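Each chain gets a letter, A, B and C, in the order it is written, and its residues are counted from 1.
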């Protein structure tokens, strides 16, 4: 865990500094200049933060779903603890991803919200997280809460492929990889990125993933302690 | 064979119960009427575009179904009859029986909304009947499938009424977006092949949702 | 009908992460009878629901077998009768309709009319058979539950608070049913009434603190 912690701090610090401080240049030379992408300019830097956060949001949901599934098999409340800890983090990251994306959209596409397929997807993920926690607060016993929220997470997860693979192909969108986008064919990552941008980007991807893992273990430990304390006092 | 007979017996029981109590039916009918009336008030003399009408059609269907489709499980829970059902029927029988009942109810609901739309909105003209018919069928079944498993989940919760649309909406978005698109095609009179993409999505949604619910239902139904 | 055996091993059920009961183990052979006793909230109803397979255990196993062969949960539904104040039948159907509809859901076909008549006469509801259950008093509802539970001649009969809501005549009916069931198969009674517990030969006492023993 120590390695995860240290590495995530180093990587994110590196990304924060490199992503913002490295200057743009029309004819980039060496490692310490990024190319100017026409139409994006400095706004391109958002990719170092927004995309890794959005990725971690989806990862958190999948982890939550996985531990929900585990709970249904083992009926061990510890699995539910992991599931809900991941969902809580995912909810937070989902809000961050929505805000960073929306701000960027305002400056690049002209408005905060455009109902582009990927914007729709993150909005739906936000709704799913909200519904998941609304359901949990409406259930009386710990066992029913764990069981039914796990089922809901899986049912909601069944719709994820539709958002990732189907809708972006059907509806014209603004993100790379959408219908009508000739250049980028992959769903997220087929950017024409300079090698040094790639280094920063993937450092960020790994950094945020490790950051998520670190926070998740912290939350799980805290939740276990909370349960422990609650058990002692009643 | 016996499983089919048992499942059908559950459908018969629910249908007869519904005919006696009109639990779901009354809510559905009143919801359809009030929501369509609200749209008419809002639009006044304006002629809405087919795109808008197609969207509003499914808005009415979604909210009406949210008022009625949960009854199938909520009423068992409220009347305290769920335990009797758990003791006499396997989860498979209960799930399939309840799903069939909700499918029937949803098909009736969408049919009623269609008839009402044809009467009150002059702009709502189904130019491609075949696209509309397939959309109606696959859309209703997919909606019923998602609504049934969510109904089973919320039946155990204590704020069921508000929770039902909250939980259903995100799950139903892929379906709603797709049926709205193919309904627009139906109103625009496009040829049948144009809607194949939508039909594929609707069909796979129905399969994925029903298959997933079938596998998970036991965990919802049994404490 | 005979030869059914119930084997319970180290059974535990949690509610809000704490055990309602735990460490319950016993075996019961037909013909035989078991009383589950304990104070209110000690988990008697939870235990009989777990034994009936309506809710799952948190840990441990409940196994029914006949002649050494395990009975699957789907087959058990045809062997089990259950009566309790919290098990409700459908208010919107008549007494007879309830029995017919529920039997069809259980087995795909209706029992013989003679069986229905015999059971409904046994619980003194035959002349009210066409009335909606919603119009019944709670005692009449309780008696109808006995008719429902016995319709398929179950090998295992579970009674939670068997005489609640019943008058003297109703209690006499229940005592006759209990005597018959003890001869025929397994009887499990959950009660905090000593005279009802005395119907049974074996007893499981739930102390309510989660750590219960026989």
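The definition used in the following text is that contacts are C-beta pairs under 8 Å (C-beta built on N, C-alpha and C of every residue); 3 or more make two chains touch, one makes a residue touch a chain.
All figures in this text were calculated on a predicted structure; none of them were measured in a lab.
Asker: Graph shape for the chains shown, where an edge means the two chains touch. Line, ring, star, complete, or other?
Answerer: Chain contacts: complete, every pair touches.
Asker: Once you count every C-beta pair in contact for both, which comes out on top, A-C or B-C?
Answerer: B-C
Asker: Whose C-alpha centre lies nearest the centre of all protein C-alpha atoms?
Answerer: The most central chain here turns out to be B.
Asker: Which integer distance in Å separates the CA centroid of chain A from that of chain B?
Answerer: About 32 Å separates the centre of chain A from that of chain B.
Asker: Taking each chain's centre as its mean C-alpha position, how far apart are chain A and chain C in Å?
Answerer: For chain A versus chain C, the centre distance works out to 51 Å.
Asker: So how far apart, in whole Å, are chain B and chain C when each is placed at the average of its C-alpha atoms?
Answerer: The answer is 37 Å.
Asker: Tell me, which residues of chain A touch at least two other chains?
Answerer: If we look for residues of chain A contacting two or more partner chains, we find 143.
Asker: Give the residues of chain C that touch two or more other chains, as numbers and ranges in rising order.
Answerer: 56
Asker: Which residues belonging to chain B are in contact with no fewer than two other chains?
Answerer: Within chain B, residues 223 contact more than one other chain.
Asker: Could you please specify the touching residues of chain B with respect to chain A in the complex?
Answerer: Listed in rising order, the residues are 146, 149-150, 153-154, 156-159, 163, 166-167, 169-171, 173-174, 177-178, 181, 197-198, 201, 205, 208-209, 212-213, 216, 219-220, 223.
Asker: For a test of understanding, state which residues of chain C touch chain B in their complex under the given definition.
Answerer: Listed in rising order, the residues of chain C that touch chain B are 49, 52-56, 73-74, 77, 80, 82, 84, 86-93, 101-102, 104-109, 148.
Asker: Under the stated contact criterion, what part of chain A meets chain B in this complex?
Answerer: Contacts found on chain A: 72, 120, 124, 127-128, 130-131, 134-135, 138-140, 143-144, 147-148, 150-152, 154-156, 158-159, 161-163, 166-167, 170-171.
Asker: Applying the document's contact rule, which stretches of chain C touch chain A when the two form their complex?
Answerer: 14-18, 56, 58
Asker: For the complex, give me every residue of chain B touching chain C.
Answerer: Residues 1-3, 5-6, 9-10, 12-13, 16-17, 20-21, 79-81, 83-90, 93, 222-223.
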